[in-house]
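Structures follow.
Each of the next two complexes has chain A plus one other chain: chain B in the first, chain C in the second.
Right, the complex of A and B next:
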């Protein structure tokens, strides 16, 4: 290409650009860009001041949003308490034991880093005070508002090294800026707690971790940052701060057609709320072959083929029985696995992590039986801290995918119940401070107001987490043959007849026997004919 | 030795026989894969193909039933016990001694008495088992609409279908073997292709 051609090309481009510039602008183009939302909180005088604390900000919020705190106070995000309507049991994080850090009781200062409030450090917390509600943890759009363990739910007011001794620092939050830039909750807001359940990225759920802040389509078709880019509240459609779609009110077996968004729906987070219970469009000759699966399977069973589909992974087990074991020099140690995830910590015991996990499948009707504090256990077997209920084939249940987290934790071998352990804190009985089980259990049980025989041992435990996020593109869904085969994914689940997996041994044996005998019969009959024919030919062939 | 040619199988009849044969063989292949007996197409493709073949066979049958009744050929399947004992004796003994077949085919009576009984059994016993269970299997999604979901189980339907499949497989092997019992091993097959039967007179 010579310089003349280049010049011509340049002239052509310039001409095109000029033509483009001359295009008549529409009225909208002359105006500033469309604002996000109708109120720019940066312009509110009430927020243009110095805020000393979280509650300080909340008071300013409530000056306009008069009923917001009261609405939040009705949610689990605030109470950490759920009453089981069937049994009357008091559930929720405030009352339950889990398979990770075990209980919040006596450990509030750490745990309440994820409470949507300020100052819950012991039983004396005032649940009625409106300025204790934390607006910013859900509405911060700057990503600078962080709450750390040890501060009972307050954000970082003074620059702080975290984790202690790590050399990494968390900057003090500029509350005024955060307040002026509030927004509707994004995935990062919900994720600031829900991605980090049990104290680390991806630890608890396996289908929720920080990779969902900006996921690709392969990880989640709905949250795909370059595609649909759903926020959490797109499905967990929140009205008046009441967030639907909790594990405690699980829509396990929804059926019927979809409900249009905007219309009230008690279970907006269920897949079927948008997709209906007959979402597959197939050749009509195949007679709704895929749709017929929906009365036995949860959508997630096929459409979340694996969970923790990234390098973050998730924790598979936590064995507390090795906690307090010290390193070679008698000092507490932390050991990481080859992927840099925690493998051992003198404070906490042994861990096992993995990525790209295949769920375990169980029938589930949405109800979960929990082991509550002080409840009797059978130490001879594995203690199911929570047990998804639902009988095979029950029309109100579906086969669901679960992450089953297994571990060992402290129990009372005489009174036969799990123990409350005072783990977090700076006092001399805290396990993570003084590495003394009896002292930590003593304080824990005393705080919980429960009796303890003075003895402790460790028992195998497990906890089941329904898998529902990380919905893969349809091409990555579980294939037919992954279940419809001898030892398929649903082997042993029961309640379904799976062509390709199930068969009747008697019918098969007899069937093949009859076929075999028929073949044998024809072979013998044919053989005799051939022999007779040969002999006759020989006999008639002397010339 | 002279030969006498008679026209036995009309063009539609031959088309029906061979397309049905191909479909049945194909459905046995795909069906036993769905059953889990072996792997070839993969479960999903096997199930798809099995289903499409089933629809094709249903259409073929619709035409064939029409044909049978409009041509009166259905009478070929009326069972008779006459000469059945002679036929049995022929297959057990006569055939080895090169004895003449006691049944002489004509265009009005194409099937020997044993054949008639066998085809009737296929039509009245094996087919209902396969098609009855097969249609319920195929329409599993519509059981609530059909009002059968309360008392019918997929297991029962699947097992019935499997039993039918074993019967069909058995029929297939015996049927194919018996085609070799003409005056030459391929005579019957040739007739089924051309429509013309060459009778051999000793």
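Right, the complex of A and C next:
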């Protein structure tokens, strides 16, 4: 009996055993199926009542989850504030200007639709009140919990038309039902804000949009709904409500092996946390060569070949300088592009959108220099709203893919700083209500407590977003030739020698000389042998 | 004599190789579009509608969708189908040319390549027409002239909306069917 016969016999026995296991149900199989998790919140008396508001629900949650609110209150999702440990700068949405809606200051009632809290509409918001924490925005599993701009973070309590005048209505949230069906955060929970940042699906990030609620493998191998089906928190592994992997604490490089499952990892959202820094091992001819790349390239540089890989697309630019221009009849207008995405809005200016975009590549060490409110700018050039830091030779830097969003923003030509514009709201100074730049800037700067010369103009700006989601199947990664060629993707990045793209005349000459000499040697050798053969033939010829 | 025969044979072989190498490129044409995939498609669609001569949109195809369903990431491709019964009618009426229905409706493909640019792919209708006799050749001359109009873009005009297929209407599967395509 050889080993093959033994293997077949073992496989047969295993098959029979498996058949037997199916044929005889265990005790567990006979019992009724149970829901995932160990607590059915629908059975809790605390939740079997009518809730009048979001804070009412939070109070009920805190009756059992006593420390949850305090944990949340120590997160960026609550404070919208981060201290840069290097510079001491106060960062976070509360203190920064972005390249989209520009700033939350004086626009809180709209912006706080994405705050994990209730009632933040101005500086008077009480960050210490625990019942102001919104549990449901992250834990709703029904998909019915909605917070709209203009409500300062409160959910929809009464059925309302949104957007106003659109004829579309948003139903009031049944808070009791939502509270009874809470669950661990799904992609839809995180996506309710992160997919729709800057006021629309896919607008801001380029690698996050609503297609990731239920993506196919072609769009993201990790979130593939029919495959691995990772939720966001599978990678952004949350401890005490702290969500790691923010762009304020970016793990741009990482060395060493993967962290074993179940062990604590300070950077769980980094690819290397699971894959290690030598992840290529399938092709023995290529693996060493590919693994050498990880010293210079982020994983995403090859494995996210394009971003916004769907019909949703992403916004490439936002030009505020054309805002307040009216249509032919002197009324505000909205114009869409061929794909139905926003192209112009009298409230906001011009936009450009596209899909399947090739990233721009830069050295990045995880640190970002942000423009804060009131900071001086140089209007002669393009103002970098945020600047990824890092350079060749920096051991913590890798070449990263970025979405670079470009635009134009209002600035003070005398004091030379970007301006805070009061855009949202129904008061007479809100730009989207009255279309009056000076009034909107006046209110915005006054609310921010910043001086304004009374003049305004527009300056070119750009903002960089590292691309890290929408990881394509490995067979669809960037190919060698897409970089190792004259006008390849990494042209202009600098600091790295790319065979095929970079040339050295001396080395090239030496190489070709070796090729030429080898050819010459072969010809001479072959010629001599042919001559010798001919002579031998002549010598043996009787005539 | 032997040299002459060898020369003829070698010439014939070289000609076949040359045709083999270039025929594919001759059959199809490719141009770069300055617009996004969707805008390029929309502009072509509106040009088709404005071209006259019975041209109507027949459909819009997304050949990448089944590939994506297999878990493969592939750059976007949208194929516009257009048809004119004025040109297709005579070809379809003739038993000798009816097999050319294989090439109907006319297709214009808009796609992105890995260089990030948007391309428009069309069939070289003029060349193909010459291969199938005088009727097809003459018809295809008209098609070529109209096809040029489809690809003339005026960048000063705002981006038109994409015409999405709808059942029973133009742009849908049944739209131009009523016209004889």
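Throughout what follows, the second predicted complex is superposed on the first by the 473 of 543 C-alpha atoms of A that agree within 3 Å, B and C clash if a C-alpha of one lies under 4 Å from a C-alpha of the other, contacts with A are read in each partner's own complex, and residues count from 1 in each chain.
Here is the rule we use: a residue touches a chain if its C-beta (ideal position, glycine included) is under 8 Å from a C-beta of that chain, and two chains touch if they have at least 3 such contacts.
Since the structure is predicted, the reported quantities are computational estimates derived from the model, not experimental observations.
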| item | value |
| --- | --- |
| Which of chain B and chain C A:502 touches, first, second, both or neither | first |
| Which superposed partner A:514 touches (first chain B, second chain C, both, neither) | first |
| Which of chain B and chain C A:475 touches, first, second, both or neither | second |
| First, second, both or neither for A:356, with chain B first and chain C second | second |
| Touching partner for A:217 - first (chain B), second (chain C), both, neither | second |
| Partner chain in contact with A:485 - chain B first, chain C second, else both or neither | first |
| Partner touching more residues of chain A, whether chain B or chain C | B |
| Chain B and chain C footprints on chain A, overlapping residues | 479 |
| In the complex with chain A, residue positions of chain B that touch it | 34-36, 42-44, 47-48, 51-52, 55, 91, 95-98, 138-142, 153-155, 158-159, 162-163, 165-167, 169-170, 173-174, 177, 180 |
| Complex contact set, residues of chain C against chain A | 35-39, 41-43, 67-76, 112, 114, 116, 158-162 |
| Chain C partner contacts - residues on chain A that touch it in the complex | 216-219, 224, 227, 305-306, 309, 335-340, 343, 353-358, 472-473, 475-476, 479, 482 |
| In the complex, chain A residues that touch chain B | 285-289, 291-292, 479-481, 484-486, 496-497, 499-504, 507-508, 510-512, 514-515, 518-519, 521-522, 525-526, 528-529, 532, 536 |
